[in-house]
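Please find the structures below.
Shared between the two complexes below is chain A, which pairs with chain B and chain C, respectively.
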Partner chain A sequence: MNKKYKNTVGPRRAAAYIVLIILTFFCLIWFYVLFINTTQSNSALKYGFTAVPGNYLFKNMYNLFHGPTPVLQGMLNSFIIAALSAVLCTYFSTMTAYAIHAYSFKGKKAIFTFILAIMMIPTQVTALGFIRLMNTMRLNDSFIPLIIPSIAAPITFFYMKQYMDSNLPGSLIEAARIDGAGEFRIFNSIVIPLMKPAIAVQGIFTFVASWNNYFIPNLILSDKMKKTLPIMIAELRGSDWKTFDMGQVYAMITFAIFPVIIVYLILSKYIIGGVTAGGVKE
Partner chain B sequence: MAGSTGSKAASGRDKIKSYNKYGYLFLIPFAVVFVIFQLIPLVQTIYYSFFENYRSGLKMIGPNFIGLENYKTLFQSGDFLIYFKNTMIMWVLGFVPQILVSLLLAAWFTDVSLRLKGQRFFKTVIYLPNLIMASAFSMLFFTLFGDIGPINSILVSLGLISGPYKFMSHVWSVRGLVALMNFLMWFGNTTILLMAGMMGIDKSLFEAAEVDGATSGQIFRKVTLPLLKPIFIYVLITSLIGGLQMFDVPQILTNGSGDPNRTSMTLVMYLNKHLFSKNYGMAGALSVILLIITGILSLIVFRATMKDED
Partner chain C sequence: MATVSLQHIEKIYPAAEGGKKKKKKEPEKKNNLKVTEQGVVAVDDFNLEIADQEFIVLVGPSGCGKSTTLRMVAGLEEITNGDLYIDGKRMNGVESKDRDISMVFQNYALYPHLTVRQNLEFPLKLRKMPKAEMDKRVEHAADILGITQYLDRKPKALSGGQRQRVAIGRAIVREPKVLLMDEPLSNLDAKLRNQMRAEIIKLHQQIKTTFIYVTHDQTEAMTLGDRIVIMKDGVIQQVGTPQEVYDHPINTFVAGFIGVPQMNFYDGSLIRQGDQYSVSVGEAVIPLSAEKSARLAEKGISEGSVTVGIRPEHISLAEAPGRMLEGTVDVSEMMGASIHLHVSTMGCDSIIVVPTLNLQSGMDVSIGARIHFTFAGNAVHVFDRESGENLELD
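After this line comes the complex of A and B, so read on.
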């Protein structure tokens, strides 16, 4: 090995660690300050920032749950929408991918190209027609327009298709057919279990995307008891927050952010592995 | 289902044919949902863009067909160009540091000779902000950077500034905060994508360059970067498409106003405004223009990645 090349390893490694530590600091500091401030009383917060936690965490949480915003209902609404979206999206995307993967029929290639082509259409550009149609169908203020559309998810479909190409051998399906299993049974009891790792990854992504979604739910939901967490956060920003108990404001942000952080820390291995396998050819 | 189990007498060919009709059957859920929730809304959006249709007081005006009048108004009022410019400025401010930092990190993470420890920890940390609820994240920034918020209190107590800095009242501090949040939320994702691209490069190319006496900087510029071009284009264009959709962060940070003086108002915030005030004609025209821009950008991605396949 070239000597000059070898000599630069030490300083380069040091530079890498320094940059990584700085970036780690900038990624985490906000959540640290958020946590500290959630544990402070309103009067302590007015006084300035202290680096050590106070003892107001449970009091702030108690006040939040007994405040005017139905945050627990909001969390439940967010959870129902996100969980059902994740289940429907992964199941039906797998089904769509299986149709393209396992069968050959007229127009298959055209359909595949078409699904890829619509992948990039942002939901915002169809929002106008979407909310007007939902109004006509009397589905405004319902969870249905926020859950059912996840069945047609081109990105999840594409991920599932790629996963099948390398993990679902055709011989297995053949064997099941010879054993006399019907096509729906093959799909439900052989394909779905084999696709579990891919379903888990995409389920997490769909859940998080739905959980964080603000634009469309904000246009669909207007009943106070049906609103999701992001809408409640936006309303908190829109209200005269200066008169608020700041401890409660921080508690609400914590309430919206920390569940995702905790789930992420448990599942991070799968999530990071799943980022790349999507749109890009490796 | 009876057909698929088939009688033994049926020839193999018929059997395959009867299996294949399930291909269409399995496509039905996707097709139905796509048509109802995406295709019809899309067609309707385009249709409305040619109509005068807005709310004036309690009365709805129209819909009356007015051709391209909405598009004319959109451009002549100058609003579209202002918001397009704002969106692009905030996107560039976030994207430039994002791509530079991500390239650096991806190069370090994939460099075997560096033997960096704690890679999993660092990757977990830098990806974390991507999953945070954008609206809650910007609400958090709004409180942290408020006039009496902790950032001002820290800066004052460190003696860096004499009095609190009004982050929300200055053009470049608001744009800077939006860019900072976008940077934090996306650089981890970009790093992981670029890493995948770098790991896909044939290792023997690096070894050959090393044997020829190339420094690590030379290897990075002359071997890694050119081979990374397709994935680089993918990251650039998808980020640009995402940037055009920028909404949650500036919307919550400025409470939908795009203040100071509409300098942080993005295109989708403008669209959202029209949707809420039931100004459907203008909302339609704006949507169609966004669709066209996105379509052109997507075509570039499609071309770039398809060339890669050949």
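After this line comes the complex of A and C, so read on.
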């Protein structure tokens, strides 16, 4: 029995491990390339990639922070926009999903379909109109057009709605109503805590998407001190041959991904199953 | 501590928009609900006066409208027609939180992210109760229900029985006017259910509030209720004390629903000789008791075909053949104190409960045995063959 098991499953498992190792390698190698390149000088980088780290790390960092680009300000700008977007997006998407999930009202189905239809429209299509609208509202060169629209996030809404359908029992809401809680109270003290895993997942997605966003911020922001990190990276890359320093670009990219990793580590601890366990008998 | 009055209460789920989902769920499964132009009638002309501190049990098969009625009292379902009064105040349209009621759900509905103490405190905090009073009430409720040692645990660390106690605790800490319970014991195993049933009776004696309890289990209904409301297809069939509904079921549905094992029904005929009535079933002719005969005579019931109902525990086995019923034992279930015999007789199945102590030695009740049985005239129920109504009652 044992022998047979070894004979049939062994090679398959070995093959699976090999495939997994290859995939893992391709996922992680780019981080290695990034960190190695951060330690190289601009001239060394021109000769191509070497697997051995160089000794230009501190020099690159020094150049970055003492260069003309306000990196720290960029990071602060990016952080304000990404964090507020993540908070507002998850809170209001959960609220919208809750309204569709918990209440019966006329046109509920139509509203649900409409929200999902919005999901199909790419940002680029509406960008021109959006920029013109912001100009008319005199909101260009402001963070508001980058933060407030994130409230309306059909994908996050859809995810929250699906999560609620399978994880938020109606009897909990009814119990809270009978216990004397108002609708806002129920949402804030019962629904939000039970939605934590979904909020954490969507919080990470929204934060990362906003952090990496280049297209809209680049159209909205023009003041040097208001620009976000992706714009600054692009500017650094696009500078003229005299000041162009690839080592500095890599240093900045490395610098830019750390906050994302930190946010991920903070939020990922909430991505655990079983938050609703024990509340109702399934 | 309050009276509850339900007057001509109706619940209609509209067929179009909004009700679509419900309609799909209800009428297809729950066959005999009335359908009007407005939609499906889940509860039809429900009238009931519940006295202060009374324990009322709504019982019926699934889909009979008992939970819907309870949810209308709770304010979780809108009342389509009729009036609901709690303590004399009209409650239609009043939000649940302003009705001063509390409810225990079948699936516990505890807040999983809060500890037991926080769960119990939740309704009190919402009423901005001072901390000292809140602690006192929580401790008291926990003490009554024996959950003091679990106060700092989360619900997921508790067993089913403990969770249901917490749910009951959360309902009683507020000292509500009316305590509603929606099949609170259905999720517990048989032993725990018996234990909790006794505890609920004690709880009612201790906290002296009005209880409205929904169940599909007739044993729970019989043991818990001061009065039982038996429902079918959204309509009240009978309201009465457990003894009343057991002794005088108003129709064949109630007769079959109340009592375990369920009542046996035979096609028979009613014979009248002056003021004395008898029923004949197969070969047997059983004279009815004077009391039953008098009631039938008073109503002027004439001879004719009837449905004869007799409870399994009121049938007795007899050795001598004569003018008795005869049948073959198909199944014999040994219950300890009694044996339940499933007997095929006159083309239908009957159940006979034979107390083991009464079983005469030498009597053969094994599978395949031919047995003879009879019943007394005071235990017979006579129902109209067509309508199923009890001919003795108005």
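One rule holds in what follows: the second predicted complex is superposed on the first by the 211 of 282 C-alpha atoms of A that agree within 3 Å, B and C clash if a C-alpha of one lies under 4 Å from a C-alpha of the other, contacts with A are read in each partner's own complex, and residues count from 1 in each chain.
Here, a residue touches a chain if its C-beta (ideal position, glycine included) is under 8 Å from a C-beta of that chain, and two chains touch if they have at least 3 such contacts.
This structure is a prediction, so every number in the text was calculated from the model and none was measured.
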- line: The chain contacting more residues of chain A, comparing chain B with chain C, is B
Message: Quick check for you: in the superposed arrangement, does A:182 touch first (chain B), second (chain C), both or neither?
response: both
Task: Would you sort A:129 into first (chain B), second (chain C), both or neither based on which partner it touches?
output: first
Message: One more residue to check, A:69. First (chain B), second (chain C), both or neither?
response: neither
Message: By the touch definition at the top of the document, which applies to A:248: first (chain B), second (chain C), both, or neither?
response: neither
Task: Could you say whether A:172 touches chain B, chain C, both of them, or neither, answering first, second, both or neither?
output: second
Query: Which holds for A:271: it touches chain B only (first), chain C only (second), both, or neither?
result: first
Task: Using the superposition on chain A described above, determine whether A:104 touches chain B (first), chain C (second), both, or neither.
output: both
- prompt: Is A:156 in contact with chain B, with chain C, with both, or with neither (first, second, both, neither)?
  reply: neither
Message: Taking the stated contact definition, name every residue in chain A that is touched by chain B in one complex and by chain C in the other, in rising order.
response: 104-105, 177, 180, 182, 275-276, 279-282
- prompt: Can you list the chain A residues touching chain B in their complex?
  reply: 1-2, 4-6, 8-9, 12-13, 16-17, 19-20, 23-24, 26-28, 30, 33-34, 37, 46, 48-49, 92-93, 95-96, 98-100, 102-105, 108, 111, 115-122, 124-133, 145, 148-149, 151-152, 157, 177, 180, 182-184, 187, 208, 211-212, 214-215, 219, 229-230, 233-234, 236-238, 246, 249-250, 253, 256-257, 260-261, 264-265, 268-269, 271-272, 275-276, 279-282
Touch list for chain A against partner chain C, complex: 104-106, 169, 171-172, 174-182, 185, 190, 193-194, 274-282
- line: Within their complex, chain B touches chain A through residues 1, 4-5, 19-27, 29-31, 33-34, 36-38, 40-45, 47-48, 101, 104-105, 108, 113-116, 120, 122-129, 131-137, 139-144, 148, 150, 153-154, 157, 184, 187-189, 192-193, 195-197, 199-200, 210-211, 213-216, 231, 234, 238, 241, 244-245, 247-248, 251-252, 255-256, 268, 271-272, 275-276, 280, 283-284, 287-288, 290-291, 294-295, 297-298, 301-302, 305, 308-309
- request: Write out the stretch or stretches of chain C touching chain A in their complex.
  value: 17-18, 74-76, 95-97, 101-103, 105-113, 122-123, 126-127, 154-158, 160, 163, 170, 174, 187
